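Each of the next two complexes has chain A plus one other chain: chain B in the first, chain C in the second.
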Partner chain A sequence: MNCGMQHSLSRRSWMSCMGAATASLARAAPSGGVSSDRQLLLVWLDGGLSQLESWDPKPGTRFGGPFRSIPSVVSGIRISELMPQTARHTNKLALIRNLCTQDNSHSAGVARIQRGDPKNRGVDYPYLNVASARWLGPKAVELPASMVIKPGNGGFLVNETGFLGPRHAALALGDGKPPALLDRPADLAAAEDDLRLSLRDTLDRMGATARGSSLALANTETFKLAETLRRRRDLFDPARLSRNDIERYGDTDLGRHLLQARGLLEAGVRSVKVISYGWDSHGDHFNGSMSLMPQFDRGLSALLDDLGNRGMLDHVLVVVLSEFGRTPRINGHLGRDHWPEAWSAAMAGAGIVPGQVVGETVADGSEVKGDSYDIGHLFHTIFYALGISTSAIHYEQSGQPLPLAHEGMYPIKALLRKPPENAR
Partner chain B sequence: MKPAVFKLQKPVPLDAQMACLRGDGPNLIAGGFDGVARRYRADGMSIVTTGAFNGLTGWLTGIDQLPGGFVVGVDSHGNAMSWKGDARLWSRPSLSAGWLRAAANSPDGKFVAIAARDGFLRLLRTDTGATHKELSLGDDLMSLAWSRDGSRLAVGNLHGSVVVLSSSLTVTVKFDIPGFFKIDRLQAVGGIRRLAWGPDDATLVAMGAEPRTGGFVQAIPRVAVTDAQGKLMHDLKLGGENEGFALDSGWHPDGWLAVVTSGQPGTGKIHQIDVLSGKALASVPVVNPHGITMVSRQLMVVLATNANSSGNGKVKDSGGTYRGNHSVLQPVTAV
Partner chain C sequence: MSPAYLLLTALCFSVESTDLNVAIDAALARDRTGHAPVKIADDFEFCRRVHLDLVGRIAKPDEIRAFLAHPADHRRQLLVDRLLADPAFAKTWAQSLHLLLMERMGDHEPWQNYLKDCVVSGKPIRTICLELLNPSAKGFPAGAGFFLSKRLENYGQNPVDYPALTRDIGRLFLGMDLRCAQCHDHLTVPGFKQAHYQGLYAFTRQASLGDAKLATVMEKPIAGKVAFSSVFDMERHETGPALPDRKPLDVAEVKTGDEFAVKPDRKTNNPGIPRVATLPLLANAVADDTRLARTWANRLTRSLLGRGIVEHPDFDHPGNPPSLPATLDTLANALREGLALKSWLRGMVLSKLYQTASGPTIETNNIPFSRAIERPLSGEVLAKSIEVALGSELGDEARLKRFRQVFGHPAREPEEAGHPSVEKALFWRHDPTVRTLLVAKPGNLMDRLAKLEGAPMVNEVYMSLLGRPANSMEQQAVLDTMAKSQSAAEARRVVVWALLASTEFQINH
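Our next item is the complex of A and B:
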């Protein structure tokens, strides 16, 4: 089922999709949820950000590539010269340079990383943004708990919900635009629309009363959401973005989407994910990096500026992640391939000790030096940073208790302001 | 003009990956990812190392030499350096804040032109390295070519434009060749990767690709022939969208252009192009080529990357070691 399909929804598929999304609108705190003011912003660079052209440069080594490293505002932390603006914000960032994960294919890696790669229990775990929203619940009364901004189509991202089910699906704004079918058709008069809405509401209530139909209730909730979203058009109308802000974030998909993410977080959306495509640079990687990285650098830098200046880093956790890094070895087409063996992620904000590097790789970047962390370690850490205790809370799935993150792994002590006892 | 018959000879593995290759007859010089300029001599079918120049720190992506032993190299860290005989002649560290893409000596040997990613075209004196002139052309400059008579200098950029200047860096013509550039998602793809003046010194040959996607970079290798005013005379597409970029070229004494194209790892070809008639006459597969130079009427040398250069994850050799790739010099005969 493609809930993101635009302008071609039959009533049946519309009802099904909308039913899937109803829980995003849940007004009550989630069952077993935690009380926290924290929010998550996940910046997902799909395809695989090169650690060597970003957080863990190795200039002058056999795999280092053509670029230099530059000093940053934190003494001793150097990052790629392709990120000069972010270099002014390393005092807000924690860099993790010793990730070692399991999959070197997109098809497995994208889901496995975002699900936290738990032990195989025969069920699909929810993605990080969905899981966070499920435990933290909606922060703003009327807005979905989880939203995604991505290039291409929007809609409800049912495939991310795993065993939580489609009712937890995040609402995606395709190209940052409002959901399709949000507006009243131009040839439908307002009075006639009101009449239709009233009739639909009556029928839904009758259906719910007579048959206990959750679909009918879902339909009602979805129309209410549409009303809210119409009122909050400022959150996702590109035309209403400030010109000055666009200039600061960069007039690119990634820049505009990061700017919109700031707005969603300010409005109280609990979990926001910004997806950027096009990072799978198997060929002509270094020329490609010169166009990709400045867009990321500019947008991330402006975002960190704004979140910092507005005091939002106290309660917003920013995570920059991909499905893997890129090979140290440079192939015959001047590209880098997929590399889960020794790569990097970055975090900032709520619950995190900033201005530090955790872990390291060997001189040429070809392996982790010392201890490595898998995505399970990062999931424990992220949940704790958000105020969600992975040792105290578990999912209930058909009577089976399931841990939030891989139970063989633990939170990373150095990253957390208030590490739990089991952190290492 | 007859189609050539290419025959690949035994390749010579090098000890590092190289970014570029230039030749003065049998005297070859290659610029390394390690900033080292390595010298070789093509002696018949054998290629022997004759020395190396050190001093640059980034990828040595632009190199040129003159008869008499003058060599200039530029790197991705913005440094330029020259050597003569076995000694360093001059050094211009941080000539640019960023990548210096290409270097070409003027035919009279007085100046070296340097194209930079910061959009600056610089003319340095070959004897001292002093800046003679510089001019901002406002784009990522990827390629350079002096006319044979030294009166004109052509510069190609990322967005598929060509600027023709006088030897004193006065712009005489500027024109776009549509199709050499594309924005795919966030990525700028393409550019004029190589320029050459035709045998008549009046036509220009712009090489690169018609990009389709970023990422893997799918692109159709392309050779566009224009007159000196930019009128498109011939537009050759040298294969499918997996065959990548036309990256380098060399003139054969019989007047045809040898062009190397490299697409997905493991692919690549040498093409024989009759520029004036706009015909591709022959080709031969070569693994991962990206540089070429003519040694003699019968012999050319291709700079390539070793086979099996790509792969996800930690690909190890039979001894369990994660190795990098290396370049090879591939002698090719053409009759």
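Our next item is the complex of A and C:
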């Protein structure tokens, strides 16, 4: 077996492919990668954003709920009144209102939607943020290609990497805080730390020469990356966020994390995912929406403001996604349940035609009217927007090619500034 | 341990295991005909390697010195026999089998006891296979069912992952990863057909979880043949239970209403016993299949040498032939003939194949296995080795858990290749677990080092951590660093930490 053959992308043999391994750790573009300045920001609203209280309101219908729709800056596009600030930015957004996907459970849907669900492939695909970073490679020399900001614990999210293996794991900042153990302990003097690191490096280099050790070289790279992260702790330190910015984004988890995401993108992290929990509103949905939606509205609108003003929307693709939408029918607990049959997503920035709505749902929002799109269509579109051609590039796994996205689906022509020939 | 005990232990090993290392060497010579001899590991390297592989830890300096004090011509055999008689051997190999079979999907006490018993009692591979794949058979040991029961659990709202179970049986018992063949014939492996996957699936699809805590498995009556079609041509096919490349088994048709030999009873929660159960058929078919012993010989070789003679072991097919065919046949035949794991391991570690010296991984003159390669230590072995090296107990389960968390592979990832990560680097640099180990306590390494200085001190660190003396360049580098330290205590911490965090400490080579 050689590097180009079986399992070339799995962890099983990666150490035998030293060139690719060290490259992926920090520096050069990945093997077979794509040259592009594009970056991805995925805003993942875990639990399921209600399309009816956000991108596809149906006021006055039997399932519409108590909230009105409001006009936005783009004539003809109305969104929920819970998003008044975002309404000023619909000229930057493309709304997709005709998503129809397969899973109505969190345990299946969260992974399936983020893996793009290329059906019946018998392998676990990497999540969108990991896959994008794999193909685009690190943008900034010293930073990880893929990072996540989320409430709760941080660490390296190996379960997102699928068959790419844990070396592609995104570094997650739990509660936006630096990775665990980033700080030098108080009882360890800097001089002693430098001395021992230097000796470790020297001895490993000697070992690498004597044993022809590829592992030693890779280890040295990870120690260097750990040191870089320690020195760039400004990127991970919530205390360094400006008060004014926090005010604009909202002093909430989601607001602060979106603000931090802006910083990571500016620093050159290729793929950033912001995860927000608490969107699974089976009960008291409307009061919950009045609490959650303003947080989202404020953070997203501030982010779109900043990305636009700084010229970053030319190369940063923003995607707002959940595992599904929520039922039009209001349940006995005044909640909305899981609804993959007809829901919405939003995109902005690089490669995307803004200021439009793609697709529609029927009057009460219970199903898609006309053509629907599955997550595979969205993946093709996202990859193309990032400069990754899903028809020209494929994974290689167990000696056979695997498509980046569902081969029975295609890019959405209306969404892409430069649609490929197979877009529809 | 007394010399008399060692002699007795040595004599107790059957002629078969003694013959096995001779047979492996002879086969290896046939496979390497025309090639120059390859270098054999020196005593330091062998001593460290065989400790890690057989008892799951590095050797202590005293053990290395005692090993070297024996006559050179049979010191390795004496050491191997001592380690095989060590109670840690059964525990280490139960863990190795656990990782090989469960790939960190979960753990279960009766399962660990079962694996330990497999090692201690010398069960042939065929018997282990029968027990794993048909755990409900009368008289079969408790715990064996965990292999299937864990794979039959639901996770969240996801359905039972029958495709993964089917794949695992193909991979682990027959050397065939049929995941791509679930939907179509494999694109690049002509021998891996969709019918092979579906034939195996016809065995497994009736199985369901009995009781997760008890690791029991139930079976439903067989539901006719499995229908399938390739995603490429959509042509309809069907198959009954069949091992790859073997005829489908003749399964007697059972009339509707007469599917059960013992009918299910909801009142007593008895799932019933079908007239035709497919797991016993599967177990017997696999146990009688020649690929079983070959696959296990290859997998066990891989866990000892870091690579399979067929590499990767999940892709054993004519287009991917063994690099040492005669050697693989010898190793497989020994298992096929019922040699116990312990005896097989003895033959293997005393062979020239195992004792090859480490060095650059590029094969010398294209001779397969001419150099031993680096194998990262599992979290468990690493933790134990740290305890031995520093003479300090890691102590509570929480600390061991931390090692498993940082150094163990995620579930379903075979413990094969290493993967350096920033998380590991930060663990070595800043985790309090590591920091507290570098404090001198009576009798531990830091305490012993405080009584030494200069070259003897450097050699003691190297013997304690890496199981060998430092070479002159290493010694100079260490002494230069120590000279820059603020104090002798700091110098000792610096040196011990640098070697602990070095790649060499964390691998078997």
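Here, the second predicted complex is superposed on the first by the 385 of 424 C-alpha atoms of A that agree within 3 Å, B and C clash if a C-alpha of one lies under 4 Å from a C-alpha of the other, contacts with A are read in each partner's own complex, and residues count from 1 in each chain.
The rule we apply is simple: a contact is a pair of C-beta atoms (placed from the backbone, for glycine too) under 8 Å apart; a residue touches a chain by one contact, two chains touch by 3 or more.
Everything numeric here is computed off the predicted structure, so don't read it as measured data.
When the shared chain is aligned, no partner comes close enough to touch A:149: not chain B, not chain C.
After overlaying the two complexes on the shared chain, residue contacts for A:185 are found with chain C alone; chain B is out of touch. When the two structures are aligned on the shared chain, A:333 is found in touch with chain B, with no touch to chain C.
Set side by side, chain B and chain C differ in how many residues of chain A they touch, and the one touching more is C. In the overlay built on the shared chain, the residue A:211 is in contact with chain C alone; chain B does not reach it.
Touch criterion met: A:108 reaches chain C, while chain B stays clear of it.
By the document's definition of touching, of the two partners only chain B reaches A:254; chain C does not.
Within the superposed three-chain model, A:295 lies in touch with chain B and out of touch with chain C [touch as defined at top]. When the shared chain is aligned, no partner comes close enough to touch A:40: not chain B, not chain C.
Once chain A of one complex is fitted onto chain A of the other, the partner contacts of A:226 are limited to chain C, with no touch recorded for chain B.
Comparing the two interfaces of chain A, the one with chain B and the one with chain C have residues 105 in common.
Those residues of chain C that touch chain A in the shared complex are 155-158, 163, 167, 177, 179-180, 182-183, 186-189, 231, 311-312, 315, 320, 358-362, 371, 374, 376, 409-410, 413-414, 416-427, 429-432, 435, 473-474, 477-478, 481, 484-486, 490, 493-495, 497-499, 501-504, 507, 509.
Interface residues of chain A facing chain B in the complex, by the touch rule stated above, are 47, 60, 62-63, 65-68, 104-105, 151, 252-254, 276-284, 287-288, 290-292, 295, 327-335, 337-341, 366-367.
Those residues of chain A whose C-beta lies close enough to touch chain C in the complex are 1, 6-7, 11-16, 25, 105-108, 120-123, 144, 155-156, 158-159, 165-167, 169, 171, 179-185, 187-189, 191-193, 195-200, 202-204, 206-208, 210-216, 218-219, 221-223, 225-226, 229, 398-401. Those residues of chain B lying in contact with chain A across their complex are 16-17, 33-34, 57-59, 61, 75-77, 99, 117, 140, 184-189, 191, 214-217, 244-245, 262-266, 268, 287-288, 290, 304-307, 309-315, 322-325.
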